[in-house]
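First chain A sits with chain B, and in the next complex the same chain sits with chain C.
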Partner chain A sequence: MLEIDGVSKKFGDFYAVEHVHLQLEKGVYGLLGANGAGKTTLMRMICTLLNPTEGEIRYEGAPVLKAGEGYRKVLGYLPQDFGYYPQFSAEEYLLYIAALKGMKGNYAKARTRELLQLVSLEKAGKKKVKNFSGGMKRRLGIAQAVLNDPEILVLDEPTAGLDPKERIRFRNLISEMAEERIVLLSTHIVSDVENIANKILIMKNGKIQTAGGVERLTGELEGMVWKCLMTHEEAAYAEEHYTVCNRKKEEGGIMLTLISKEKPAVNAKVVMPSLEDVYMYYFGEEAEEE
Partner chain B sequence: MKRRKGADWAKKSKTGYIVMDESVLKPERLEETVALSKRILMEREKEKEAGMLEFIFGQMRFISKGTWAVKAVVFLGMFLALYGIRLEEGKGADQVIAVAASLLVLTAMPEIWKNIRYQAMDVESCTRFGLKKAYLARFLLLGMADLCMATVFVLCTSRWLSSPFYQIAVWLLVPYNSMLIVCLSIMVLRKRTSESMAEAGGALWMAAVFWLTGYLHIYEKVQLFMWGILLAFSYVYLGFVIGKIVKNANGLSEVEYVRN
Partner chain C sequence: MTILKFEIKKMLCAKTSIAAIGFLILLAVGLCIGYIYGGYYVQEDGSKIRGIKAAVKMQEAKEPWEGMVTEEVVARVIEENNKLHANPSYIGTDGWLSDEGYSRQQGFEDLRNLINVTYRKSFSDYDYYTCDRLSPDDATGFYDKKEAVFDEWLEREEVIQTFSDEKRAYIREHALNVETPYYYEYYDGWKKVKEMNLTLVFGTVIVICIVLAGNFSAECQTKADAIYFSTCLGKKTGNKMKIAAGFILATVIYWGTMLLGSGILLLAYSTSGGTVPVQLEFYKGLYSLTQAQAWILILLLGYIGCMSMSGLTMLMSSKFKSSFVAIILAFLIIMVPAIATQSVYNSFWKDVLSLFPHGTIMGYDYLTTYVLYQFGGRVYSPFEILMPLHVLFTIVTIPITYYSFQKYKA
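Up next, the complex of A and B:
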C-alpha cells in the first residue's frame, strides 16, 4: 500500500500541494485537475523527485525517501515532459533505461522487444527518437515506464499527443496492467479516466477536493444538472450566472446543459450527471480560462 | 484417454537420441510449449539483477560514439604533432600537450552534462541505480579511458623526446587537471547556463595554459616537485567537486522543476 500522509509542498509562500492524505492500493487512480492544480508536484513527490515540505510518503510501511533504491526498483514514471537523447534509437533508449533499472542484458533485450511490440513501435525500433512524432514519443515513454514491470506506475498526462485510436489502446493497456499494481495517472481529459479508473481523485488548489468512483462522484451532482432549451438572450444570461457544461444550437433556440441547485428555467429537465459535469462543477472557471 | 506407448510414436536413433514421429506432433501444442518455456525463462531472468560493476561497464555502450571518436582524434593528433616536433628537437612539445589535454576535458563535458541538456533527469532519477550512479559511471568511464590513453601516450613520448617520464606526465596532467577544475567548478553551480559557461571558461583557460607554457615557460620556473604537490591538491579538490556534483544529482530535478 502507498500511503501519502499529510503531504505538503511549499514553493516560497505558495502551497503547490497542501496536506494531502491518501491510501492507494492496487488499481487505477485517476488524478483529475485543471492546469496548476498540483497534480505534477504530488506525482513528483511520490517519485522522490521532490522532497515534501511536510508529511511523509510510505510504501509498504517504509518511508520512500529512506527506502531509496529498494523503492525506485518497483517504480515506473512517465513525466509530463519526457526527456530523451535524440541520438538514441528507440531500442537503444529502452536498453539504456533498462540498464539504469538494473535489468540484466538478455532480459532487457527480450523485454525491450516485447514492449516495442506492445506499444506498436516494433518497426521503428531502430529509428532515432528525434525523428519520432509526438504520439510515438509518448508511446516510447509509456514503454520505458513499464520496463521493470513496476508495482507503482505513475503517469503524468500520459495521453497528451495521442490520437483517439492510440488513446483507446493506451486505456486498454493500462486496464490490463492495473490488476497487479498501483497505477496513478494524471490528466485533465475526463474520458481518459472515466472508463478505466477505479477511483478518481479531484485535485484543486493543491488539495484533494473529493475522491471516489464515477458513480459516487456523479451521485454528488444528482438533481443539479439540467437541460433546457433557451433563446439567445436567456442563454447569454445563463452562461453568466451558472456553470454551463454544454451548449448546442438546435431548432428553436440553444440547448444548454448547466449545473444549478435550483431549477434554472420553467422548461428545464433534470438529467443524469456525467463525470464531465463533475469536472465542470469543480473547475468551471479554470476550464473557461484554459 | 489412453496414453500412447512410447514405442508407438518415438524410437531411439543410432546416436541415442529419441526421434519423434512427426505425424503425432501438433504445431499448436509445440508453439504453446515454446511460449511457456520462454515465459518461464523470462521470469527467471527477471529475478536476476545487475550488480554495480556490470552497471558501470554496461554504461560504456551508451556514451556517445562521437565522444569516443573525438578522444581518439585528439590523441592521434597529439601523437602526430609530437612526432613532427621530435624532428625539431622537442621545441613546443609542452604547448601541444597542454592544448590536447585541455581539449580532452572540454570535449567530454557535453557527455557529462547531457542529462540536463535533454531534460532526461526525471526518468533517470526514478530508476534503481538513479542519476547519481549514472553520473558516477560516466565520470569513471571517461576518466579511465583518458588514463589508459594518457599512460600509453606518456610512455611513447618520453622515449621519442628523450625526456623523463615524470616530466611528460606533468606536462599532461597539469593542464588536464586544471581544465577539469575550471569546468566542474562552474558546473557545480547548477545554473541552467552552466554547460555553456563551463565550455566558455574552459576555452579561455585553454588559451591561458597555451600562453603560460609557450611564452611564460612556467614548467621551467617551477620545480617538478612543486608540480607534484599541486597535482596532489588538485586530485583532492576534484574528488570534492565530483562528489558534490554526484550528491546534488537528485536535487537537479527539483531545481529544474522550480525554474519551469
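Up next, the complex of A and C:
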C-alpha cells in the first residue's frame, strides 16, 4: 500500500498541495484536475523528486524518503514533460534507463526487446529518438516507466499532445499493464480515465476534493445535469449563470447540457451525469478560462 | 559499466562535442603541418627545402656532431665556423654568410648557438656573431663561463629587486647544477613538440571543458532529470558514473590529442635527441632534465591542469544546470588570470595569478623563465606547487559536484 499521509507542499506562502491523505492499493487511480491543481507536484513527491513540506509518504509502512533506492527500485515514472537524449536510439535509451534502474545485462536486453514490441516500436528500435513522432515518444516513455516491472506506476498526463487514436492505444496499453500494481494516472482529459480507472481522485487547488469510482462520483450529480433546447438569447443567459457542459447547435435552437440544482428552464430534462459533467462541476470556471 | 558507457556517449555525441573534438583534431594536425613545413633545410646550392625531406636532411647534417660536447668539440665548432666565414666563396655581396655558406653551417648551428650564449658578456646580451669572433683556444674553460655570467647577472640591481635572496640562491644552485659535458644529438623533434604543446594543451583544455559542460546540465536541459532522479541508481551510482565518465573522457581526449600531435611531429622529425639536456637548448634553464623528460613533465602538468578544469567544469555544470554557463565560466577562469598576469607588475600578484589553471598550461614557459614561489624561507618551482595544488583542487571538486547534483530537485 502506498500511503500519502497529510502531505503538503508549500512554495513560499503558496500551497501547491495541501494536506492530502490517500491510501492506494493495487489498481488504477485517475487523478483528475485542471492545470495548476497540484497533480504534478503530488506525483513528484511520490517519486521522491520533491520533499513534502508537511506529512509523509510511506510504501509498505516505510517512509519513501528513507527507503531511497529500495523504494525507487519498485517505482516507474512517466513525467508530463518526457525528456530523452536525442542522440540515443530507442534501444539505447531503454538500456540506459534499465541500467539506472539496476537491471543487469541480459535481463535488461531481453526486457528492452519485449517492451519495444509491446509498445510497437520494435522496428524503430535502432532509430534516434529525436526523429520520433510525439506518439512514438510517448510510447517509449511508457516503455521506460515499466522496464523494471514496477509495483508503483506514476503517469503524469501520459496522453498530452496525442491524437485520439494514439490516446485510445495508450489507454489500452495502460489497462493491459495495470494488473497487479498501483497505477496513478493524472490527466485533465476525462476519457483517459473514465473506462480504465478503478477510482477517480478529483484534485483542485492542491486538495483532493472528492474520490471514488465513476458511479459514485456521477451519483453525486444525480438530478443536477439538464439538457434543454434554447434560443440564442436564452443560451447566452444560461452560459452566464450556469456551468455549461456541452453546447450544440440544433434545428430549432441551441441544445445545452448544463449543471443546476434547480430546473433551469421549462423544457429542461434531467439526464444521467457523466464523468465529464463531474469535471465541469468542479472545474467549470477554469475550463472556460483554458 | 553500462551507465558509464552511456554517460560517455551522452557527452561525446552532443553536437557541440563533435564540433569541438573535430576542431581539436584539425588544430593538432594543422599545428603539426605548420611546424613540419615551417622548418627548412638550406641545400648546398643555397635553395631551401621544407617538410619531412628537410628534416631528414637536417638530421644527416647534424649527425657528425653527435656526442659529448667537450672542449675539443667546442674548439672544432669554432674552427669550422671560422673556416666557413673566412672562405670568400661563402660570403655574400652584403658581406654576410651566403645561403650556400649557411647550408654548411646549419649542421653545427645548435652548437654554435650554445657557444654564442656561453660567451656572451651578460644575460641581456645576445650576439649571433659572437662565435665568429672566437678562436679555438677560447674553448678552454667552456663550462666554467656559465658561473661567471650567472654571478654577474644575479648581482644586478633589477634582479635583486625582482628576486629575493632565497630565490636568487635557488636560481644559482639549479641553473649551475648541470652535468657536463653536455650530450648532443639532433633533437629538432623534441624542440618542436615542446613548443607546440603550449597551443595544443590550451586548445585541448578548452575543448574538454566544452565536452564536459553538458555532463550534468544536459539532464536538466533535455528534461530527462525527472526520470533520471526517479530511478533506483540515478542519485548515487548515476552521479558517480557521470563524474567518472567526465574524467575518463577528459583523459582520453587529452592524451589522445597530445600523442597525436607529438606522434606526428616525432615521426616527421624522428625521436632522436630525447636524452639531450634541456639546458643545452635553454642556457638559463633551471631544470636538469632531458628533452624527453621535459616533454613528459610539460604534458603531465598540462594533464593535471586539464583534470582540474574538468572537475571545475563538471562542478559548474552540476551547480548551474546550464552547459552555456559552464563553458563561459570555464573560459573566463582560464583567460582572465592569464591576461591579468600580463598586465600585473607586482610579483606577488603575478605569482598568485599563475596559480590559476592557466598556469598548468605554461609548462614550456617554466623551462625558460624564472617563475618561482617562496613560502617562508623555502623556494619551490611551479611544478612543485601547481601539480599538488591542482590535484588537490580536482579532488575537492568531486564531492561538491556529487552532492550538488544529488540534492537537486528535478
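General observations
What we mean here is this: the second predicted complex is superposed on the first by the 290 of 290 C-alpha atoms of A that agree within 3 Å, B and C clash if a C-alpha of one lies under 4 Å from a C-alpha of the other, contacts with A are read in each partner's own complex, and residues count from 1 in each chain.
Keep in mind that, in the parts below, a contact is a pair of C-beta atoms (placed from the backbone, for glycine too) under 8 Å apart; a residue touches a chain by one contact, two chains touch by 3 or more.
Owing to the predicted nature of the structure, the values given are computational and were not obtained by experimental measurement.
For the composite obtained by overlaying on chain A, chain B and chain C cannot both be accommodated without a clash.
Of the two partner chains placed around the shared chain by superposition, chain B and chain C are both touched by A:Pro86.
By the touch criterion defined above, A:Val183 lies against neither chain B nor chain C after alignment on the C-alpha atoms of chain A.
When both complexes are overlaid on chain A, the residue A:Ile57 reaches neither chain B nor chain C. When the two structures are aligned on the shared chain, A:Ala110 is found in touch with chain B, with no touch to chain C. Residue contacts after overlaying the shared chain place A:Asp149 against chain B, while chain C stays out of touching range. Judged by the document's definition of touching, chain A residues 44, 47-51, 69, 72-73, 75, 77-79, 81-88, 92, 96-97, 99-102, 105, 144, 148 lie at the interface with chain B and also at the interface with chain C. The part of chain C that touches chain A in the complex is made up of residues 2-3, 6, 9-10, 13-14, 218-219, 222-238, 409-410. Of all residues in chain A, only 44, 47-51, 68-69, 72-73, 75, 77-79, 81-88, 92, 95-102, 105, 108, 144, 148 touch chain C in the complex they form.
For chain A in complex with chain B, the residues that touch the partner chain are 11, 44, 47-51, 69, 72-73, 75-79, 81-88, 92, 96-97, 99-107, 110-111, 144, 148-149.
For chain B in complex with chain A, the touching residues are 42, 45-46, 48-50, 54-55, 58-59, 62, 64, 66, 114-115, 118-130, 134, 250, 253-254, 257-258.
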